[in-house]
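Residue numbering begins at 1 within each chain, and the chains themselves are lettered A, B, C and D in the order written.
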Amino acid sequence: MVETRYGKAINQALHDALAADPSVILFGEDVGEAGGPFKATRGLQEAFGAERVRDTPISEAAIAGMAVGAALSGLKPVAEIMFMDFVTLAMDQLVNQAAKARFMFGGRNSVPMVLRTPHGGGLSAGPQHSQCLEAWLAHIPGLKVVCPATPADAYGLLRAAIDDPDPVVVVENKALYALKGEIDDSPAAVPIGRARIARPGRDATVVTYGAALHTALQAADALAGDGVDVEVIDLRSLQPWDEAAVLASLSRTHRLVVLHEAVEAFGIGAEIAARMADVGFDELDAPIVRVGAPFMPVPFAGALEKAYLPAAADVVAAVRRTLE
Amino acid sequence: MAREPKNDPTDRLLSLYEGMLTIRQAEERLKALFADGEVPGFIHLSIGQEAVPVGISASLGPADTVASNHRGHGHALAKGIDLDGFFAEIMGRDSGLCRGRGGSMHVADVSIGMLGANGIVGAGLPITLGSALAHKTRGTDAVAVAYFGDGALAEGVLHECLNIAALWALPMLFACENNGWSEFSPTDRQMKASLKDLAAAFSIPHVEVDGNDVEAVEAAAAECIAALRRGDGPRVLECRTTRVRGHFEGDRQDYRSPDELAGLAATDPIARCRARLAELGVDANRIDAIAEAIDRRVEQAVANARGAPEPSFAAAAADVYTAAEG
Amino acid sequence: MVETRYGKAINQALHDALAADPSVILFGEDVGEAGGPFKATRGLQEAFGAERVRDTPISEAAIAGMAVGAALSGLKPVAEIMFMDFVTLAMDQLVNQAAKARFMFGGRNSVPMVLRTPHGGGLSAGPQHSQCLEAWLAHIPGLKVVCPATPADAYGLLRAAIDDPDPVVVVENKALYALKGEIDDSPAAVPIGRARIARPGRDATVVTYGAALHTALQAADALAGDGVDVEVIDLRSLQPWDEAAVLASLSRTHRLVVLHEAVEAFGIGAEIAARMADVGFDELDAPIVRVGAPFMPVPFAGALEKAYLPAAADVVAAVRRTLE
Amino acid sequence: MAREPKNDPTDRLLSLYEGMLTIRQAEERLKALFADGEVPGFIHLSIGQEAVPVGISASLGPADTVASNHRGHGHALAKGIDLDGFFAEIMGRDSGLCRGRGGSMHVADVSIGMLGANGIVGAGLPITLGSALAHKTRGTDAVAVAYFGDGALAEGVLHECLNIAALWALPMLFACENNGWSEFSPTDRQMKASLKDLAAAFSIPHVEVDGNDVEAVEAAAAECIAALRRGDGPRVLECRTTRVRGHFEGDRQDYRSPDELAGLAATDPIARCRARLAELGVDANRIDAIAEAIDRRVEQAVANARGAPEPSFAAAAADVYTAAEG
């Protein structure tokens, strides 16, 4: 075990993937010489050359489309979209092309591409540099979506994404790049679609992912002080998501809170709650409570953004509501 | 189709003729099947435009890739897509190339480098760009061809792709079928820039050719593609051609002048090619035999499609993602 | 009352809006001389001139962006995106610009634009011409989304959308353009955000919108034959949606089915179910059952597409599940 | 700022000088505030580029509209945005122009035609296009200006906007600030086409100007904007200018050569303007007095912002949509 940062773990995963497989290539805006806007690709162009780690022009639609075409022609491209807000410029290629090519072409080929992109607030980056849009992608058959919360998962899910034959969007969280955590000396891929019990507990289940995991753990700590024993599930993968793990936890605790940084309305949590209100209905002893961002753009000013982001206190209140 | 290079000029031309006629007869058959309700959805026929993909494909091999657009039957057939799979797909059968899931706007066979027709105007361009990037990165001399119409000139993604292809000297052929129409509107009411001037802005050599003259297309494409294989960077090949049918089947073309419609036959690339074959002294019977052979082949494909089972829903559901191994 | 078709009602709404307010303009691909791909704008250029009803090039990003800029500069633009699948090319302008300009600029101006776009399958139009992507838009604070199911609502919601000071996406359904229905002689706007009880009933509630309304009504008829009295709620507006109306119905029937043509996972129905699993929890006597498209791209072949689209039998089965 | 037209050439130049210096001193102040942690988020300074918006805005009135990009402070101030509201916004206060919701990348005041800085590269272009369409449709002689950088040349939406603006002869000025950089990369590694050649492809007159010479910018912009007001269709004004600071504050610019960095001061448009004023015989005290007045004004704005309340979350939540009337 060594300690590493989330951003460094991404860097290492890319490094290891490039070293392991000559068909892996990287491209995106300033990912090469500059080492990426968040330094996640630092040193990779030096190590693997400008043919395999390419700086692109500011052309998001072409970046995504190139990934599709390269993936259909024998490579395993890992493309970067600098902020998730900019996937708005790449949706046709992601949704109409990458997601559908396998199905639409009769299942005879796959599209082994990865798109990395950071979401999330907390940096006063304002309404166009902070959004969490993963629910869009999870709604699209043919795409996979993962969202690591720890350095170990940042490594393991990215390796899994690159190994995966289908298009995978890896959603990173900007506020986590500097987060430290333990990682294996020879870390392995983390299977896509499997959740992790981040903290076992008996009284209520909090399902979450990404940076909000840390908020959930904080809330669980606070509640533990009051004798409430919360189980925290880190989904890790959003499409597919681990329904069995959530249902199993709910069947133990009978109380469910779903937490994420994204806007609550029509967010990832809606699907999880809806599904549990169906398949988990008999297990529910209380309303399913969601905690997510309010229905407004991510505001800039520190005070506004702080009030905007779901906090541990919101999770505590939500858990308490399920226990009333 | 993927014709072998023929050395004898007459044989070469006969082969091009056969390529065009295959597309024509296939589409004429589709037209009838559509009218009879045997083809669902929308179909966009390339009747009148066959010389373009046939002329280009004469220089392509199986390692080369093409991406196409909504009017993609000719592109696919010229790239060598299987005729049975083609008809079965468009007729929505399980034996279709895409097992009935894509239809006319998505005929594809990635295994032979046909990366798909496409329902999104312009979307084939960055896919081709990525394919060209793969060829270059892998160090092969394969090339990637994007077929697109003049209407697609208005999409921003063209600009992005011209730029990156030029910047990185990718082996990509921008093959424009300029038929003057974007759906129901003449393109000159939609585009202020010519492709020639756009290409020049990116320092990409632009070649314009009579897209209804298959020999001219073949020659121009051969030069462009040779340049791509040499690593000279992208090329633009603009083919002036003629959309004979409506935008899609069922479009009555009220918006075209009777004069224009009356003049369409004169531009027919197949009739021109046939005249040229006659000039070269090819026997009419030999030419007619080609049509007959194609006819039998097409009828066989239609019969096979008719006899094929409906697509399987369970199989479709299982193909959204690659099945896990083991 | 007169009978009219859904497509004709849209045409009339556009006509009346253009006649009522000189700041209303229309633009989109082939909406002018050709009268629109589905003939919804037929005759409008003739009636109002090529300056007010404009044919654009095939440039979806610019179409959406022009609407934003025109709306910020004194006009009320009504833009058309020919198929909802193509909004993938216009998302930046819709989501990062139109939706946020009011909030982000301090609430001192609004963006009175409308974007019309048709979704839905049933025409064998294939995977890139049939998608229902409204859940994406409903997830975005600052956008409004409506989806009329009848000719009267096609008229009334479009008029309301044009009158609205904020950006509204009007999602039409391709399969409904030819649908006939009654409409007032002098029809009025239909308020955004208010649902309609399309059929009252006591035993279970089916919440739906768009073309699926007709599937729900068919299912209700079938169930009525078996003595099951279903209430059908037509949401009409998806953002904001009428939570009070749904909750009120659930409080009467205690059983809830949510139906739409869009993919079930992460669709509009997820939010409705999730919300009712919270605020309506005490009213629920049964699992909340959703009926939506399966998790696959919309297939082309008739047999596949038919199996793909949610059918009345699926709704019947879902309602029965809530009554078990 | 929205300066009155001055007839006396010296007065005119003084007014331009004042405009540039206001931006400079405001940004120098922001730089210090950022270093001290009083400005959150990212800020992109336009130090060295002030001549562009000041030269252009000299021909703009309140009915004209501008849309900007991430490096928008100068564009906003030159258009006449309120200095108090400007500082308060970037410092995240309730008295900010956007009530602290947007920050540096979103300063806007639609009431005076400033349609917003923008965090999305290229996004201001179609917004400006729509604004120009509104001006034309409403029959006014107002014009719309899009400010964008050379990095934005790679975005496809530029192509779409050049086309539509040209096609419909819209009163739109494409104002490019070409500083040679796209974030951390020189733009010549990202763009194969020049804006000049792109404009030519769309038959849009292109004027290139030394963007660090405010008089030259003013003169060129005045001609372009007069043409727009006459209804002659769009114009492209490409201003060669210099980014002095990093891409954003905090960027150490390791990627620029020491030579380049050393040479930046020489290009300073404000120093040049000051030298010109001296040439014209303007008294140094008079010039210095301008700086002092601006300094007082800026300090006042900073003090006002510091004293202003934090933004209200409830008010923000209430502003996502327009409140229903009545």
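The criterion applied here is as follows: a contact is a pair of C-beta atoms (placed from the backbone, for glycine too) under 8 Å apart; a residue touches a chain by one contact, two chains touch by 3 or more.
Each chain and its UniProt protein: A, C = Pyruvate dehydrogenase subunit beta; B, D = Pyruvate dehydrogenase E1 component subunit alpha.
This structure is a prediction, so every number in the text was calculated from the model and none was measured.
Enquirer: By mean C-alpha position, what chain is farthest away from subunit C?
Expert: The most remote chain is D.
Enquirer: Identify the chain pair with more contacting C-beta pairs: C-D or A-D.
Expert: C-D
Enquirer: What is the distance, in whole Å, between the centres of subunit C and subunit D, each centre taken as the mean of its C-alpha atoms?
Expert: 40
Enquirer: Which whole number of Å gives the spacing of the CA centres of subunit B and subunit D?
Expert: So the centre of subunit B lies 46 Å away from the centre of subunit D.
Enquirer: Hey, how far is the Cα centre of subunit B from the one of subunit C, in Å?
Expert: Subunit B and subunit C have C-alpha centres separated by 36 Å.
Enquirer: Which residues belonging to subunit D are in contact with no fewer than two other chains?
Expert: In subunit D, the residues touching two or more other chains are 96, 98, 101-102, 106, 118-120, 154-157, 160, 163, 167, 189-191, 316, 320.
Enquirer: Can you list the residues of subunit A that touch 2 or more other chains?
Expert: As it turns out, subunit A has residues touching two or more other chains at 56-57, 59, 61-62, 85-86, 88-89, 92, 96, 103-104, 126-128, 141-142, 295-297, 299.
Enquirer: Once bound in the complex, which stretches of subunit D touch subunit C?
Expert: Those in contact with subunit C are residues 65, 67, 96-99, 101-102, 106, 108-111, 115-116, 118-120, 123, 125-135, 137-138, 144, 156-157, 160-161, 163-164, 167-168, 315-316, 318-322.
Enquirer: Give the list of subunit C residues in touch with subunit B in this complex.
Expert: 29-30, 33-34, 37, 55-62, 85-86, 88-89, 123-129, 294-297, 299-304, 307-308
Enquirer: Help me check something: in the complex, which residues belonging to subunit A touch subunit C?
Expert: 61, 85-86, 88-89, 91-92, 94-96, 99-100, 103-104, 126-128, 131, 133, 135-136, 138-142, 239, 263, 265-274, 276-279, 281-282, 284, 286-290, 295-297, 299
Enquirer: Would you mind writing out the residues of subunit D in touch with subunit B in their complex?
Expert: 154-160, 162-163, 166-167, 189-194, 197-198, 200-203
Enquirer: Mind listing the subunit D positions that touch subunit A in their complex?
Expert: Checking each residue of subunit D against subunit A gives 40-42, 92-93, 96, 98, 100-106, 118-122, 151-152, 154-156, 182-185, 189-191, 255, 310-311, 313, 316-317, 320.
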